[in-house]
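Heads up, the next two complexes both have chain A, just with different partners, chain B and then chain C.
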Partner chain A sequence: MALSRRDFLKTSIAASTAATVGLPVAQEAAAAVKASEAGWQWDKAVCRFCGVGCGIMVATKDGRLVATKGDPDAPVNRGLNCIKGYFNGKIQSGKDRLTQPLMRMKDGKFDKKGAFVPVTWEQAFDEMERQFRRVYAEKGPTGIAMLASAQKTVQEGYAFNKLFKAGWRSNNIDPNARNCMASAVAAFYSVFGTDEPSGNYDDIEYADTMVLWGANMAEMHPILWSRITNRRLGHKDARVINISTFRNMSSDIADLELIIKPNSDLAIQNYIAREIIARDAVNWDFVNKHCVFATGPYDIGYGMRPTDKYAFAAEKDVQAKELRVKLDKYEAIAQRRKEGEVVEQKNTANPAAHWLISFDDFKRAVEPYTLDFVAELAKGDADEPLDRFKAKLKQLADHYIDPKRKVVSFWTMGFNQHVRGTWVNEQCYMNHLLLGKQSQPGNGAFSLTGQPSACGTAREVGVFCHRLPADRLIANPAHRAYTEKQWNLPARTLNPQIGSFYAKILRDLEDGRVKWLWVAVNNPFQSHPNINHWLKAAREMDNFIVVSDAYPGVSAKVADLILPSAMIFEKWGVYGNAERRTQHWRQQVMAPGEARPDLWQALEFSKRFKIKEFWGEQKVPGLKAEGYEDGKLPNVLDEAVKMGYSPGATLYEVLFATPANRKYRWPDPIAKGHPNSVATLLGDGWFPEKALWQEYVPFTRGDGKDLADFDVYHGDKVRGLIWPVVDGKEVPWRFNEQYDPYVKKGAGFEFYGKLFKAIPRGDLDKVTDPKPVSVAGKAKIFFRPYAAPVEQPDANYDLWFCTGRVLEHWHTGTMTRRVPELHRAVPAAVLWMHPDDAKARGLKRNDLAWVESRRGKIQIRIETGGRNAMPRGYTYAPFFDEGVLVNKICIDAACPISKESDYKKSAVRVYKA
Partner chain B sequence: MNLSGILVAARPEWLSRVVADLTALPGVEVHQVDEATGRIVVVQEAADIPAEIEGLKRIKALPHVVIAEMVYHYLADDRHVYADLPPELSAQDSQAGAVPAYLND
Partner chain C sequence: MDAKRREFMVHVAQGTAVAATGAMLWLYMLRQEARAHPFALRPPGALPEQDFNAACIKCGKCVNACPYDTLELAAAGGDLPIGTPFFIPRDVPCYLCPDIPCMTACPTGALSPELKDINDARMGLAVIDLENCLSWRGLRCEICHRECPLKGKAITLETHPRPISKHAMFYPIVHSDACTGCGICEKACPTDEAAIRVLPHKMVQGRIGEHYRLGWTFDTEITQDFRPAQPAAPSAPPAAAPKRAPGMDYLNEGGL
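Here is the complex of A and B:
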């Protein structure tokens, strides 16, 4: 029987699909697959998008991508793909892909007011270097900055981090992960003393109750959601609880749905803690052996500027709360104060300080969080009867407390993008620790990530203004000394002063502190809140902005120089996902035109600078550190010469193409015939991705963060490895003796993270004995109070506004809007609102409306149905659409500890356009 | 032409009903059914790409479907599709890099 080409393909696709999900395939079908895939080369890779980290297989033929499929052997997704993942192969083929450097020019020269003109890489780097030197001469290391990314590969993050911190002696490099994961990290540090989750995705298949706190997993983590759905339907006692400020797709299979007011999660967690104590359900054996109790100051501000000098007139009333806050009636009860009391925010400079308290103090602190108090404060849907909401709160506590139930709590941006994000993360551990339900299969608080390498690149490599690789900190002299030794730098090369965090880099641009900015793999001028300020700083001030991107997104258009970048399968790379799984991939195809990998951009640009230009004395305003003269970085050149460096050596030679790194040669048999653009373009015979990986891994070893060698990950059978990898074995549950060799034998559990493990003693209000006490091996159970959002609806701006993502698009849509399928599925952002709220404003579905806040206004279409159901008084719009710059209206308040922006709580008014 | 391989899962007791519903959908072919685990392999053909996305949503919305996720994607060389950028992005295409008006309001 002759099959048509189409039928033949269908048989082949069905057989491939079956094989991918582990179903038996008929012999004829297998033959069809073989025939239709003749000449294809399949290779394993990882998805470009979210933090779940699904494995995919990509097929190439004649240097072109021809097919993608879910990787059946990937433990994360077991062959499945979500709708974004499905189109991985298409994101690089958009019609407006950037293929050559573009610079603003007038009369053949760079001009800030000029139009974009194609230039060569040489011309682009010449101008970039000239501007760099101008700014560095005027401002020193604090005048330059990079907005980096949790979507960079590990090697890209590592190279840029080293170039900035060791080469240019500037700590002004901070990733978009700051706006995504920073609150999670701050809590991992304060509670456990080490970053990243205890468990892994297999927790889903062990859990009885899965609680989503501010995580719409059905849209944002669809493949994990399919595992949760499977568990819910396949296990008769499994239950799902969805806690959110509005009804979303995750409610579809939820057994219990709690619609809550913004920030009331802080109160609900304390209600659960109070119930645990009241029902005598504290796991005392676990708590006594493995935990201590702690708290910190409440008067920590909201992460806004301390001055209103740069505020728009309408912003000034909210901005003033950075200095002084009048407590409302709920805060008064929750913080044991008086309603109307004005509290000076005295701890904005040191918000993370904390101290030990007694269990009796802890118990006294949670006492006000009764069911009646919390239900009244937290009920978010005005149309829900209070008694029904109370019953739900009680059921929520029952699920946590039931000794027979294993409980996993998942969260993402609802917790992290929160003016008290660190606190609410800490509170989630509080309840799991009180119950002893942590670090065991199916039991644990599990922080999910938004981006593909928030963990692998931003966090593990330490591409933050205050971090160094593998949980080391800029502020810690021993950590700097270790890093200098690993990097072969003279002592005191590294700058001991913490750099500017993400929001601060943009504020520095506005107030003239930073004047040279490199943006790569993120889109700050669309994604950072309150963008009218930053657009002005970029376009109307004497600042030089370089943007490396694959498509002309908003930030590229705002730039002075655009560098065309290679995309995921056009380079070698590594991502690390939310379950500590490190996944490598090979380059599959070549980037189009002159587009080049970011790693090459860092390395090639570093050739233009010599150590003698940076390793002499440098002024750093405000620098104060032991062993350093105030305001100065020392001259370390003489020491460098003693170490054998020539003052004229380039940063490329000293930091990257070192003799040790040059031992890793390109070509390498591990490539199996795949290309390497970085090695080929550099042309000096080494294999940068492998060499930099091998240079990086010693940072992680022996410290509970161990990564394996480069070639191990490229093994045919390996589908990423969960770190720490000790003696070739992964550690699926950290801190648990049964799984983790870092735990002392016989201890059962040990929270061995080393950071912040010596703290003073105090009571609920203050430190009483400043002498640090060691809490080595223990996790901290924090008391953190309820605090109200800094901006709330009032007579002028009468609705809540929240922003986030939709399933079909990735963040700012730079890639996904180039896939016509995804664009057509959700072409433009809409504002979800309650039909009654729309009606009261003379609006109906599909009407065009203005949404206005203190910071700006946008035009958008109204949606009153569909996948989200807003309670009265609440609105939501995603931020992917560059035609509707939603972040113009968002407040740039942040968690003062983590510095992560709160995108979820602005006040707006909506009216007909 | 757009072809995708989709895994559908249903509780075994509903399997025949789901298979019947799937077969009734235009452009959908059921290629394999695993009685023991309730898994169904479907190949979907769609005239154009929005129809493909809608097709998947349609499958997800069928009664008793627990999972419907894409597994395999054939990257057809489809000029019609590749030429089609979102209109406002196309409009900017000719003036690559110009600051769009909406940044200036």
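Here is the complex of A and C:
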């Protein structure tokens, strides 16, 4: 099998075509290539970029990275890469790579208004420590924060998480994954009680219908897209449906394309549910055995600040909707209310609350979602006849309902970055569960991830302000106790108060709550919406911002201290992709200059602090939890002494270089001679990446999230493993008895996740019996209504604006814009708009225009053709370009449950620059 | 036929099959020498090369009118008539201004005002080096396709299943009936040397014989009112048989 996979590379049509003009030349060229490869050493690794998680091979020679290739043995990509993956070998060598700590200085001293000057690591950490102590003394654990990342390695995420939560007793650590898949997580929790998808990428090869909901996979998941395309072309009944607010490249393969209005996906899902019931297609055997029905409050706000104190004047009208909303005619029907009714948003504090309802209630709730109602509400292309759109909606329902068709629904940011992101995720499961098309090969709702280790690092390790490793929650006393035990901490060391989520950390910076911020492996001052606020907060407030990065991006530019970081192949690491595949790699080369791995930064910095500074009593404003005095974290130092810790022990000794961890020695034969900068720089003989991995894996075992031992993943034949790994075997489909040993024998299916499995009973509007009922083993089928986007085009701001990515660039472009070829290919962001909309504003292709929203304005060139075709009234621009900071115009509304920002729905006006 | 030869012939056949899918594919073999070649890509609307050289008064107005600094004037000592405008797409391609300022600025019609729509410009034709095109090798690149201002017309993607790897191939294909030769694809191509390049049409395009029509491109219903050609006017009968007649040499000379 391995041989035949390799063979295809040689026998592809392209190679044979070339042979028509010069076989001898090709042979000579091949011989020359072979000679140039002398002395190359290959090792397996993983692509740096997206959540697909392609396997690559990396070649080094004389300590230099000389080449990469798609790994033919990697089941994800079978030797292929996209154009970003093709450039893995060049991302580390940009001309402006940061190689020295840089600090703002004036007259030889740190000064917030000073200019960046190179300093030593010692100087950098000295100032960082001084500022940390100043802020911690003033503000306690809530005054410090980290904006973390789904692109950190698992060990980096684990170490920073532990340093913040166990060492500094602060839960203010939240990843950029918050803006990527938090809505998916919230729905995994509420529906299944455990995070991450049931299926895996092989679903593609079993599916008959693949539905894309707000996922332009052709560009954003390029390699999976070629698998989907292959399925479409190679299987005569396979069909692809693309649902989007504008025509994108995924429509090129799609058999059915639905161009819809923003947020109308909520209504379309309910239309499908209504059809399932109307056509008597509910899979009652599955639903009765494995599901219950549920709903929750509608008046949950839009994730904006509850006050307009910080709002720009132009923002105030939209911000006011956080408190009360006037229902439009569609919402009125969809929520069984009256048009024009003003609804106080009473459930902003507890938006995730939910309760059991009866099937009859559920049926009554979806009743208003008729074809006529939904078609009128959802049709996004003004130029499409209503009848044609109706026919498409019906076909969409046909695909889901047809008992002979296996259906996979894929989604990413269209669902997740959505003011009702959690709801729309839950709705997708709703239809799969009603039909019993879940957790089987080719049947299931499949949440794709955007980032390379959103699953592995952010989610599994729990690098969130409300999470602990492996589906454990800060708010759950048993979970805190378990974690304290695993980490060998005195009871009640962990802070029971949920920390600030990503957006909140930036808001805290603006209102002075957070004054010491560490940013690593993400670029919030370019990537978070409504950045005019945060840029100003960073530069004008009394705070200290540390940015660990490999290149000088916008966040580094507004920082006070920049720490030069090692990049992916300059350190050991682990990423976990969207199909639960955990992939490890070894360090291949050394980082340039003084650039050092983030893991070393965490560990080395932790040496400067002693447990007695943090494990005494700490003030935490607003803390309220059973067993804790209000507003305080208890003194646990005496308990620590009883456990054998010295009060003067450093966080490094207590949290990281523990006696158990020091048993993993460096050098280790598993390295096969590869270097380890972290171990070498620490210089005390242990192997931090392996030790921390081994410390982490017990969290995952026995609960259906089992990871294997470090050395297993480094086996030559292993190309990552899909968890849970039980008795050395992967589980390709979770919750399905046929594949998953965690399912009770004879149950068929069991949704055994444990979170939120005891809930009250109620009707569509409220809880009627607060006594919790156990729904163990079951998945919840939620009714969630249509709700309108909080900001919509009006007379002043008359166009929709949506942002996202392009294939050529990764996120904020700090890496891909350093690859000259990718920069040449797509040098700048452009604004896609309908040619008629451009013409009406006196604009044509390539003209420079202003795009202005309530929050700011940007200059950008107009594109009326190319890869995206916008319906009239809609515009799109990617966010990779630091020359065009599109997040100046994006609204920072969010899903109130998941706190994930909605980047897809801002109102703007466009005019000639 | 030995095995190698047979394999080669199969490859040829496969290559032909792909080429026959309605696309303009041509293996560009002059890779390294391209820059030194005596050809020029002229601004949009340029007359055929000889007429252009005759009409162009080397005034440089088109160069000044170009908002992107795409156009250069040929220097002395090169292969091009000195002072005539041309562009090198890998440096700066033509960005297809809808108002065609270079043509509008041309005082002589060397850049012909007949060009009303910039998309009708035919400055050259993009050709793909199949051996070094990443997409033709199976990677998901296709930058040329996405960046093409006439995406879906001048460059399309053809998808082919590839069961052995479960990943489909996405082949970019250039169509000469829509390609303007702007060179944005050549500029954007991410390989070290561009694997897609714009060349003058005559260096690239073949021509099928006038005597043959592709079977699927014309309706060929049997003509029902067939009109035979008029017989030639009868001439006077020859006075005597000619001395020579076709075929006699072969018939009479040489052995068997």
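In the analysis below, the second predicted complex is superposed on the first by the 877 of 913 C-alpha atoms of A that agree within 3 Å, B and C clash if a C-alpha of one lies under 4 Å from a C-alpha of the other, contacts with A are read in each partner's own complex, and residues count from 1 in each chain.
In the analysis below, a contact is a pair of C-beta atoms (placed from the backbone, for glycine too) under 8 Å apart; a residue touches a chain by one contact, two chains touch by 3 or more.
Predicted model only: the values in this text are computed from it and were never measured.
Colleague: May I ask you to decide whether A:115 touches chain B, chain C, both, or neither, giving the answer as first, second, both or neither?
Modeller: First partner only.
Colleague: Contact-wise, after the overlay, does A:205 reach chain B, chain C, both or neither (first, second, both, neither)?
Modeller: After superposition on chain A, A:205 lies in contact with chain C alone.
Colleague: Examine A:102 and indicate which partner it touches, taking first as chain B and second as chain C; both and neither are also allowed.
Modeller: first
Colleague: Between chain B (first) and chain C (second), which does A:499 come into contact with in this model arrangement: first, second, both, or neither?
Modeller: A:499 contacts neither chain B nor chain C.
Colleague: In the superposed arrangement, does A:865 touch chain B (first), chain C (second), both or neither?
Modeller: Second partner only, chain C.
Colleague: Contacts for A:223 in the overlay, against chain B (first) and chain C (second): which applies, first, second, both or neither?
Modeller: In the superposed model, A:223 contacts both chain B and chain C.
Colleague: Figure out whether A:69 sits in contact with chain B (first) or chain C (second), or with both, or with neither.
Modeller: A:69 contacts chain B only, not chain C.
Colleague: One more residue to check, A:249. First (chain B), second (chain C), both or neither?
Modeller: A:249 contacts chain C only, not chain B.
Colleague: Which partner chains sit in contact with A:845 here, chain B, chain C, both or neither? Use first/second/both/neither.
Modeller: After superposing on A, A:845 lies in contact with chain C but is clear of chain B.
Colleague: Across the two complexes, find the residues of chain A that touch chain B and also touch chain C.
Modeller: Touching chain B and chain C on chain A: residues 9, 13-18, 20-21, 23, 70, 79-83, 85-87, 222-223, 226, 229-230, 233, 821, 824-825.
Colleague: Spell out the part of chain A that touches chain B in their complex, as residue ranges.
Modeller: By the definition above, chain A touches chain B via 6, 9-11, 13-18, 20-21, 23, 65-70, 79-83, 85-87, 89-90, 93-96, 102, 115-116, 222-223, 226, 229-230, 233, 535, 539, 552, 554, 556-558, 562, 817-818, 820-821, 823-825, 827, 882-883, 885.
Colleague: In the complex formed with chain C, which residues of chain A make contact?
Modeller: For chain A paired with chain C, touching residues are 4-5, 7-9, 12-23, 26, 70, 77-83, 85-87, 204-205, 219, 222-223, 225-227, 229-234, 249, 252-253, 806-808, 821-822, 824-826, 844-846, 865-867.
Colleague: Using the touch rule from the top, collect the residues of chain C that touch chain A in their complex.
Modeller: 8, 10-12, 14-15, 18-19, 25, 27, 29, 95-98, 130-131, 133-134, 136-143, 146-151, 157, 159-171, 187-192
Colleague: Which residues, counting only chain B, touch chain A once they are in their complex?
Modeller: Per the stated touch rule, the residues are 1, 3-7, 9, 11, 29, 31-32, 34, 39, 41-43, 45, 49-50, 52-53, 56, 66-67, 69-75, 81-86, 88-90, 92-93, 96-100, 102-103.
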